[in-house]
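Down below are the structures I want you to see.
Consider the two complexes below, in which chain A is the common component and chain B and chain C are the respective partners.
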Partner chain A sequence: MTTTTTVPPAGAQPAPDTRPSRPRKRARRTAGEGRMAALLLSPTLLVLALVIAYPLLSAVHQSLFRAESGLDADGFVSDVDAFVGLANYADLFAGESGRRFLNAFANTTFFTVTTVFFETVLGLCLALAMNRAFRGRSFLRASILVPWAVPTAVSGLLWRWIFQSDGIANTLIGSEILWTAEGDASKLAVIIAEVWKTAPFIGLLVLAGMQVIPGEVYEAAKIDGAGWWRQLGSITLPLVKPTLLVAVLFRMLDALRMFDLPFVLIGPGKESVETLSMLAWDESNQLRYGSASAFAVVLFLYVAIVAIVFVKVLGADVTGAKELKLLSKKSAKKSRSLATSELKKAEATR
Partner chain B sequence: MRQRRRTWQTLLATTASLTVAAVALTGCGGTAPDAKSTPKAAAASFEGKGPINYVSNRDASGAANKSIEEWNAAHPEEKVTFIELPDSADAQRQQLIQNAQIKSDTFSVLNLDVVWTSEFAANKWIMPLPADAVPTDKMIPATVNAATYRDSLVGAPYYTDGALLYFRSDLLKAAGIAAAPKTWDEMKTACKAILALPEAAGMSCYAGQFDKNEALTVNFSEAVASAGGTIVDADGKPTVNTAEAKKGLNLLVDGFKDGMFPSDAITYLEEQGRRAFQDGKVVFLRNWPFVYASLTATDGSSKVNGKFDITSIPGTDGPGVSTLGGRSLAISPFTPNKATALEFVKFFTSQEQAQKRLALSSRAPAYASLYADPTVVAKRPFFPTLLTSLNNAQPRPKVVQYGATTKAIQEEAYAAITGKKDTDTALKDMQAKLTELSK
Partner chain C sequence: MTISDLRNAATDSGAVAPDARTAVVRPQKPKAQRTWRSYSVYAGLALIFAYCLAPFYWMLVSSLRRTADIFDNTLLPAPFSLENYTKVFDGSTMFGQALLNSLIVAGTTTTFALVLGVSAAYAISRLDFRFKSVILGVIIATSMFPGISVVVPLLRLFTDIGWINTYQAMIVPNLSFAIPLAVWNLTTFMKALPFDLEEAAMIDGCTKWQAFRKVLLPLAAPGVFTTAILTFIHSWNEFIIALSMVNDPKIQTATVAISKFTGATEFQAPFGEQMAAGVIVTVPLVIMVLIFQRRIVEGLTAGASK
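For the complex of A and B:
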């Protein structure tokens, strides 16, 4: 695959001539064409360099410095940004700041794992429900979207009202749980609010994946005597797997940088729900830009590693390259028995 | 393959040159290292006239705008533009600091929360004001103190805020208690009598603000100061590991332990406490003056309208010590029109303007004499009590690293009142953290 791809990086710009024809047949590009392509691409790369590469490199650069501030005799701050090498990173694992970092790291991971798990399960259920033909289906679809459409800060406030000590959550369960105080209850509150908000996202993406499964597949399965569970396990799930993986990947990357929900719902500075983003924000708020950058860089690496592992190991198809291939294969084949080919493909993707 | 390499070369070269051009254009050169070494003498002169910007938190009453309109009508060549910052204090501080760090001349006159005074002054983000700029002798001393950094006045007090103790006068009367309690002990005794009444069934005694938030720093400072302690001394050195501070913190710890505070008070901010009082759940409430309007609402939302009264917060031997809220105006050294800025600050914080604003705004003025004005008192009956509270008030710790300081205070005080740490350990840890920060 790597040898046949042409110059532009995979996701950047599908060259106009990537029709389903085989690469062998493609006319060799002339030098002028290549240069032209480069010229046309460079504005895009420039923007990427400015909004991604520059801030990233500058954060890494900043994370190597620390403001050695002190007060002079008149009480004025005399601070110099001293180069401290990797000291900001070393501090992530030692002393008080190390404890906070590990706590935030554990919280971030915990929230990511739990919320994405529940969202996926709930999202799948939502999609299955929405995929059936019934009266008022479009209304249900629209209403399921509502939590996703509410801005996170607003939904944080909303849930704060629900979870306050004399709020509706406590009234419903008939006990007094202090959801917004430090403790495990606050973690649960964040998970509930987050799942409520983002399960529709997974639900809708998965629904889109389900919609493209041809009805004939199910008809064939029915004729072969497969029950609902069998259809779910052998047709629906394998065929929505590529979509589901992408949805889960997006959610994981999103959850790893969770900030606004715990910030608004529980409050800044509460260790039970402090995530890495909140910690970086707090440090920069205290004007300690060096360690704030170090936190941010570590978070970036963490997110990047998770994304790479996810794409490489589970084969999440983010750019749609595989999808294109599948489609081209399909159109090329002109198969009479769609059902069998789909099933085969399902086997292949598994 | 040669062709591909050339393509890459073109790509890289174009991108690189464009990047260089863009960086040069936007001037992302980074700040000069000698940012803070501006000569001291330059800070003292106020020269340059012309239009300026006044950057402030929101003023829903429109009173500040009225003052600015009046100024603009009289000074068409030196117009003042009102720039409104976000509602959150953190966001305001961040924007002000960012502008100061790049030495932007956009913000000329800054509206600063009293707790930011030291940080801004120590970083030379605001200028010391001339001695005659503000009639400090007419102002409540605590407001002047809060706008002072190391003996030099750096801000002109704009409005102020102090704590009040709201209490259910109807229940006190029913229990046969003649005078409002002045100390915690008196308050406890009063509560015992009141909570025994059938009409007070299910009520709690006292609520403050105890959620991990700036409000906890306020409540902790008040408890410590009311017990005769301090958090930092005049030089900014921490002093929380003392018997007085322990006595103060114990007031709060015991309040939770003994059930004197409602058990969910650990999640209370100003609003939750107000609601609890308004719904008849607590007998005493420590809060700011702004809740007075909601408590006296006649639309049925308040169950306590006409049933409560106001006094100073309790102390250990006499009335307690309130912390000080409020705002002051300061001048940025990076504005070219410093003379106009100074004149505007003088005009805006003058007693005349303060009095005019009182007609629209409920913000408490810095001038002591305005609290005795009968027309004002008729509209805001809590003003005399508030003045007593303000005359007694102490600023929160005046330290340069206020953000980290308040966080350390919240962390340890919260651990103590939730029972995670005992009072001694919490105060010892707080002292250690604050010592680290005051270096």
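For the complex of A and C:
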């Protein structure tokens, strides 16, 4: 990274950004610049250390303790934190609390897989439809942002109203389902409400990816006789794949920590919709910080593993770090991504 | 587009015999296909439109019914009534206070996140230093941190230091998602701005700070604004932190307040009031979305479509 500095050939027309300044900047990587960067970044990193690193370490620490009532030195009953080692983690798989944990774990996984699947399919359809629309696109874009902007708590309330036993959902489909009580119907209600709110988000991201694809590619495909499906399979989907991967990753991480929607739509402590976040929240509400922390740590690990798998195995380029690396290493790839950013700029100004 | 161009070209120069012939004849079928297709596109758009807005519309309509006919299923409120709205604000629920709290919490969170975000984003996009991509990676990774993993430990800490039922107990944890969001958005935005202008300013004798303040910041203003909107919406919609850190109705935010709306009668959930409160909480956001839709979409898609 530090050694491969490509110097532009003399007389070459310099590209508009990053490129020309690069060699010079590299030469000037001085103590002054580093110090300034440290100065500018330290407040952010400090706050993140306080609100992310500290809670994480503290959660790991607390998960090794358990509140136990005992007698203190003066013979009064008091709650003390006793060190219990990994007992809180062992309990994840045993007894009543273990059953509850496994249920929450299963629910979380089930909701993540189902909602993200339906969101992706629906989001793709939305993006395809919006990509075709020329008139009324801005109108459409505004309306598609509405579900995204509705606070999740409000959307939970809204769907609770729609799914009332004598509400509009049952009236429309002529049934008498108890959507907001325990049972599979409540799972379905959560999925419907979640997909409604988040499919437009995926749609927007994918649409942005689609708009970067140059029209000539489709023209060429048309001339070669490729039909709509063929174009979709051979051009659109492969080219929006990087965008789609990032969108799916974001949605999965968000779905894994799902809390507000089942909490408001169905209610706390309902077995059929209890997620890991809800379980941990409930435990900490009962002042059982030890097990609550253990649940929180497990959820964190779950999220981290999913993120790592996505970034490493599927190659989701989240930070754009890949692009940076390519920029400094392979000039061929670089010119391509520069071209893309040019296209994007052109798209933005249009 | 191309087909009609072809056709025009063909009819303009009628001399070109065989090629133009096919070009003129062939479009007939696509034309029929095209009208059919454009209908189906419009039908699809209408469907999307209904999908996005119908639930919200139902909330709006229900909020405008009287309590007596809240279970009506007509598409318009039969006797139009603002009864639910007056009830929401009649004082017993402190909903006005909750709205104000939301505004304070979301506003302060946004301000802090922007100040920290701008300086961090400037360093990442303009300065050359070691571990840059690592630091950016760490900042972005923190945005994936599940809220509950912040809430559980901090709940205990805040209990110990007496922060429960204070604004800062919500604002500080809110920064855990607001800062990564702001840093990321602003970095993407600043990276896209050409370095040349600042360079020119510095050649003309500006210091780095002046170049930042007088050249980059005005150029980045739209990006800062977009980031502000997104951060504000996220903080306004935040639920789990506000729910956990506060139990005093005087301090709680609007999202928590409406989730706890029980109304005067314990037995019947006051759906009309809940819907009215929901509309009130959502309408500022919907207005923001309508006005700034282009910016919001830009901000949302900034990082994802590389």
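Of note:
Rule of thumb we're sticking to: the second predicted complex is superposed on the first by the 268 of 350 C-alpha atoms of A that agree within 3 Å, B and C clash if a C-alpha of one lies under 4 Å from a C-alpha of the other, contacts with A are read in each partner's own complex, and residues count from 1 in each chain.
Convention: a residue touches a chain if its C-beta (ideal position, glycine included) is under 8 Å from a C-beta of that chain, and two chains touch if they have at least 3 such contacts.
In this text the structure is predicted, and so the values were computed from the model without any measurement.
Once the two complexes are overlaid on the shared chain, A:Leu178 sits against chain B while remaining clear of chain C. In the superposed model, A:Leu41 makes contact with both chain B and chain C. Shared-chain residue A:Gln164: touches chain B and chain C both. Of the two partner chains, chain C is the only one that A:Phe201 touches; chain B does not reach it.
Counting the residues of chain A that each partner touches, chain B and chain C differ, and the larger count belongs to C. Contacts of A:Val51 after superposition on the shared chain: chain C is touched, whereas chain B is not.
Once the two complexes are overlaid on chain A, the chain A residues touched by chain B in the first and by chain C in the second are 29, 34, 37-38, 41, 43, 45, 50, 54, 164, 166, 285. Contact residues of chain A toward chain C in the complex are 16-18, 21, 25-26, 28-29, 33-34, 36-38, 40-41, 43-45, 47-48, 50-52, 54-56, 58-59, 62, 126, 129-130, 132-133, 136, 138, 140-159, 161-162, 164, 166-168, 171, 196, 200-201, 204-205, 207-209, 212, 219, 242-243, 246-247, 250, 253, 256-257, 259-260, 263-264, 276-277, 280-281, 284-285, 289, 292-293, 295-297, 299-300, 303-304, 307, 317-321, 323-325, 337, 340-341, 344-345, 348. Those residues of chain B that touch chain A in the complex are listed here as 3-4, 6-8, 10-11, 14-15, 18-19, 22-23, 28, 33, 36, 90, 94, 97, 121-124, 149-150, 211-213, 263-264, 266-267, 272, 275, 400-401, 403-404, 407, 410-411, 414, 418, 439.
Residues of chain A that touch chain B in their complex: 7, 29-31, 34-35, 37-39, 41-43, 45-46, 49-50, 54, 70-71, 74-81, 164-166, 176, 178-182, 267, 269-270, 282, 285-287. The residues of chain C lying in touch with chain A in their complex are 2, 41, 44-45, 48-49, 51-53, 55-56, 58-59, 62, 71, 73, 112, 116-117, 119-120, 122-124, 127-130, 132-133, 135-142, 144-157, 172-173, 175-176, 179-180, 183, 188, 191-192, 194-196, 199, 208, 233, 236-237, 239-240, 243-244, 255-256, 258-259, 271, 274-275, 278, 281-282, 285-286, 288-290, 293-294, 296-298, 300-301, 303-306.
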